[in-house]
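Two complexes come next, and they have one chain in common, chain A, joined by chain B in the first and chain C in the second.
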Partner chain A sequence: MHKLFSCLAVLVLTWACPFTHASEFVVEVTKGQTEAIPIAVVPFASAELTAASFDVAQLVSDDLARSGRFKTMDRKDMIEQPHTGANIGFDDWRRLNNDYMVVGSMQADGPDRYSITYELYNVLTKQRLLGFQISSNRAGLRSAGHQIADAVFEKILGIRGAFSTRIAYISVLGHLPDKTYQLIVADADGENPHVVMQSREPLMSPSWSPDGSSLAYVSFEQRLPTMYVQTLKTGDRRVVSAQAGVNQAPSWSPDGKKLALVLSTRDGNLDIYVKDLTTQQLSRITDDPGIDTEPQWSKDGQSIYFTSDRAGGPQIYKVGIRPGDKPRRLTFQGSYNARPRISPDESQLAFVTQENGDYRIATMDLRGRGDVQVLTKGHFDVSPSYAPNGAVLIYASRDKGRGVLALVSADGRVQQRLVSSEGELQEPAWAPF
Partner chain B sequence: MKRILSIAVLIAGAALLAGCPKKHNVNDAPVAGTQVPDSSGNAAEGASTSTSPLDGDANSSSRGLNGEGTGPLARKIIYFDFDKSEIKPEFADIVTATAHTLSGNPRLKLKLEGNTDERGTREYNIGLGERRAQAVRRALMLQGVAESQVSTVSFGAERPAAEGDDEAAWAKNRRVEVVFLP
Partner chain C sequence: MPGFVREHSWPIVLSVVLHGALAAALLAATLISVNHSLPTMQPIPVDAVVVDSQVLHAAQRALTERAEQEAARVRAAADAKAAADAAAAQAAADAQMAAAKQQAAEEAKSAAAEVERTKQAEAARASSEAQKVAAAKRAEDAKRAEDAKRAEDAKRAEDAQRAAEAKQADDAKHAADLKAKAEREAELKRQLAEEEHVSAVEASPARAQYIARLAARIQNAWIKPPSARAGLDCIVNITQIPGGEVTSAHVSQCNGDAAARQSIENAVYRASPLPAPPDPALFERNLVIHFHPDE
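Here is the complex of A and B:
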């Protein structure tokens, strides 16, 4: 009997291998920002191209709109469609209330080779702020569009754009008792999803290496928690922790040489440890009978933020990694504050807080007086993760009983949902630049 | 077992040779970053490199059947209140009966699978699930069960028994499953 099951299990995995998981993402802006900057991204001239060619300008426009920082002009409201600065009637565009505009063109240089020229103008000063040419094949046009959006975003706002980055998340397909768990890596806008790991048993807690080359995660494929590090380019993976008891919540040190993780003693006490990935040496960071979990490194690699219920309910603490350092409690408001994540400049801490039975994403100011702001309004908002530019957080939410991913700006003023056509989406983790 | 593994490796290998249709062409993109290869190789690797990877799957496939069985070795379930790990009086009989079975069969082993409802953060729920499994383990040991007979695992909120966003579903998910090992 076991033998039959064994063969079946392997077959299922291999049959499933095309992994064309096409989760169509629909972006809904659920809360906009009134002071969004008006910008027009004029369709790029592409005379020689076929109808099948990719609309790069539309992607640039969508990226900017989705950031919440920009209000993009609808194409049908455009009075003309200039493709170079020389043809822009600035006074007309100013009357249509545009502060900025992007114009450009795309041409075929050869079989599967395109060049895109684009310029960014300040409509008020008529000044050219950017002018670039990008060369790409057909498959790279989407990336080229994200690069243009990144450049425009940074030029106008002074903040590095994160449109070219990726996210990882868990998607759970099917229903009891027949579920499939997938670890997926996609573009930051949810497009181009690739299944990098699939299992009939739970997958949890994807965590990006600081260089973006690998993911650490927990898999229950052996019906026990095992922590793996998987290199995305090759698909190779190795076990980094498979001790008796829990092996949970990996978090990479900023230099990529160590993992903070959660292990348990024989009697089930969860504590934070650090594993040196070169020497395999383990050091224990916390030692408390409560649940200590969800570690995240400080930017300087000298401390770890974590969740602990040592004082009753879960609260957030910070402890130095040097032996003898005493944890310091950071959250005091409310009875449930958990899963800390620091913003890239460590000015802000994001976490999950409970408000009247609902779980929501909150932030705490780490530089000033520790002011707390609750950013979201859902019932099950968990797993916050900062974009590498710190401007936006992605988190897991619920929409009509289904797991979805959602975005909120770090100041809470802009909110969107990424609604996938299939699967329960969980535990988004934004990749580094 | 060796034979099972070689079959597994063969099948996985055949699948690799056959190749998977690659629908994503981002790998050709000059401006796209890291490639994410299709993961059939990973699955095969997981199956072929571990010592007993597939028995686990076999158990999980027969999960529903085990749970509905009767007799001393059938899967038993102990339910918990929200955010609690105390064993309620109505489940004391299950603990006592389980302790008897184990004490009378010193070679018998069981696994306690701790679970929570979906509320809260995922990793903290792993901690809560472990706490529930440990509560049952302690109760068994107090009744004379040898430490070596009992192991625990926490699935947190990851393996719900019931789907749904309401108390009816949550109550079914806050549980420890008592699973006798073959």
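Here is the complex of A and C:
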């Protein structure tokens, strides 16, 4: 409209509009790429200081690479190592195909005091996008690095980074009859593991409360399955369900006031129930002779996704929590689809699917035509769980006969093993922000 | 002596002037020969400037633009002159018509006065020659009829003249209108021809090919952030220099978030240098890139 007016003005003044019209050269771009964005994270400090403290820049680089959204530059390919924007030769870095770069410096301010200054630059436009200073002790340098990675991730992609979040998982150590089960909480990159609960009997199904303060899980320490909620900070825990038969697969409602869980009747039939954590009131959600299990709340807290074999093999269904609501089947492709998990914006459903005898992580588009994409290529990839920003999923896999944790980007482009300590790792659950 | 001078003043002046001229010529010749006898061996300064082809192109382009602007200016002047001519013709026609009207009015007035005068004379004659009334009546009647006829004739002639004048004025106006119309049509035709030329270039396969190449290049360079989905609609105005290097990119209107805008700006720079047109004449310095992903 504006253009039209200026064109008219030009027309009135000089009768020259046909010329400006001729220069309107419009190129339509309707497709783009989903490839990783190239970025260089230049070391922040001298080799000596890094050795004495911690390599923050490397952690930032690793975080970004692990997200699948970034392609980080190898240090040995860096022609120079600037620490401030003023020293960046943008044209050189651009020639090395970097779109962005992070530069910074770290100083030792005292015996256990460090300050990190960092900046994020757009190499193509030469614009400075971020510039911050973080102060930390030696122990906090790791989380300082995750913070920097989060800020960079969000600035470039427009979605929150999840590098400062945590994961929970079950680790099984030793062999029968000397097995130990541990419930572990670690940083999102698998570092910094802490044992939250340990037992000689099986531990299962850790589930985060929406505020990240507590974990619900199932323990066989009383020989019978019992469901607990444990507060992480204090270690306090309480029994939330100890019915006769099974008590399994807890899932917190979005408001944190209810738990969906699976209970069994006397004849062993499994159904989905909801337990109000304040009133202890129990309401039955499904009533079917088949097995109904692995509930997961919808974002609005009005429905529950679950697995059921009511049609023969396991498939995924969704049911409203109001009495009388009829379950609706969601998966139709293949004979085995189980363990539904929704992405934080509920645009995607992740689940385990069977493909040529292998178990793999797949996603289904919940907004469009219900397209299914198989993300992983392993033989036994199970227990998917979304990062709170929806960009990545963590899942349990097997590597040379050992249970390991792995990550896959929500579009399946990048897959990565998570470094882990010893033990058989199972049932990862990504914590909320 | 004074008589001699007075008698031969011209030849004397001539001779003085000629002598003066001769002396001046001799002096000049001497000076020039002196100068020639001292040849200066100054080096010839070569003002060599490496002209960047891009600068040259820019200069040429500026020249072309100036020529275009000049042409536009000349055209505007011609248009203004045509309009002025038409206005002048109209004014002349109007003046002529006013003059004709005035003349007709005056003639009518004088005719009326004549009639009045005749009437008065006849009345006087009637009073003094009352006895001749019967005898004169026929003659008088005849005369009155004749007068009436004459007045009628005069009026008819006057009407005819007025009509002729009106027609003439009308014709002049019509001619002016025709001329103006012809000029407008010529201008329209010229504009049409220009537009036809532009659309011929726009419709040419080479141009379409160029645009397709640019689109492919930029699509390959665009890494979409999560927010860049169907519904995003952004316009980027970019400037390239010959050789395809992008020198500026500005997102002018965009319904996306900061990440989407940045990715779009980056896409253009990542695509730099842009592909060359199949025909150098198709090179466009300023391009408009319209980003609207279909998924």
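Observations on the structure shown:
Going forward, the second predicted complex is superposed on the first by the 388 of 433 C-alpha atoms of A that agree within 3 Å, B and C clash if a C-alpha of one lies under 4 Å from a C-alpha of the other, contacts with A are read in each partner's own complex, and residues count from 1 in each chain.
Going forward, contacts are C-beta pairs under 8 Å (C-beta built on N, C-alpha and C of every residue); 3 or more make two chains touch, one makes a residue touch a chain.
Since this is a predicted model, take the numbers as computed values, not measurements.
Once the two complexes are laid over each other on the shared chain, residue contacts for A:37 go to chain C alone; chain B is not touched. Within the superposed three-chain model, A:232 lies in touch with chain B and out of touch with chain C [touch as defined at top]. For chain A, the partner with contacts to more residues, out of chain B and chain C, is B.
Of the two partner chains, neither chain B nor chain C is touched by A:335. When the two complexes are overlaid on their common chain A, residue A:87 makes contact with neither chain B nor chain C. Within the superposed three-chain model, A:373 lies out of touch with both chain B and chain C [touch as defined at top].
In the superposed pair of complexes, A:265 makes contact with neither chain B nor chain C.
Legend: residue contacts after superposition of the two complexes on their common chain; A:159 is shown touching chain C, with no touch to chain B. When the two structures are aligned on the shared chain, A:223 is found in touch with chain B, with no touch to chain C.
Contacts of chain A with chain B, set against its contacts with chain C after fitting on chain A, overlap at residues 14-16, 18-19.
Across the interface of their complex, chain A is touched by residues 3-4, 7-8, 11-12, 14-15, 20-21, 23-47, 50, 52-61, 63-64, 118-124, 126-128, 130-131, 133-134, 137-138, 147, 151-156, 158-165 of chain B. The residues of chain A lying in touch with chain B in their complex are 1-3, 5-11, 13-20, 134-140, 142-144, 147, 164, 166, 175-177, 185, 192, 194-202, 204-205, 212-213, 219-225, 230, 232-237, 244-246, 248-249, 262, 264, 266-268, 270, 291, 293-294, 307, 309, 314, 336, 338-339, 352, 354, 359, 379-380, 382-383, 398, 401, 426-427. Across the complex, chain C meets chain A through its residues 68-69, 72-73, 75-76, 79, 191, 194-195, 198, 201, 211, 214-215, 218-228, 257-260, 262-263, 265-267, 269-270, 284-294. Note for the complex: chain A touches chain C at residues 14-16, 18-19, 21-37, 99, 122, 124-125, 155-159, 391.
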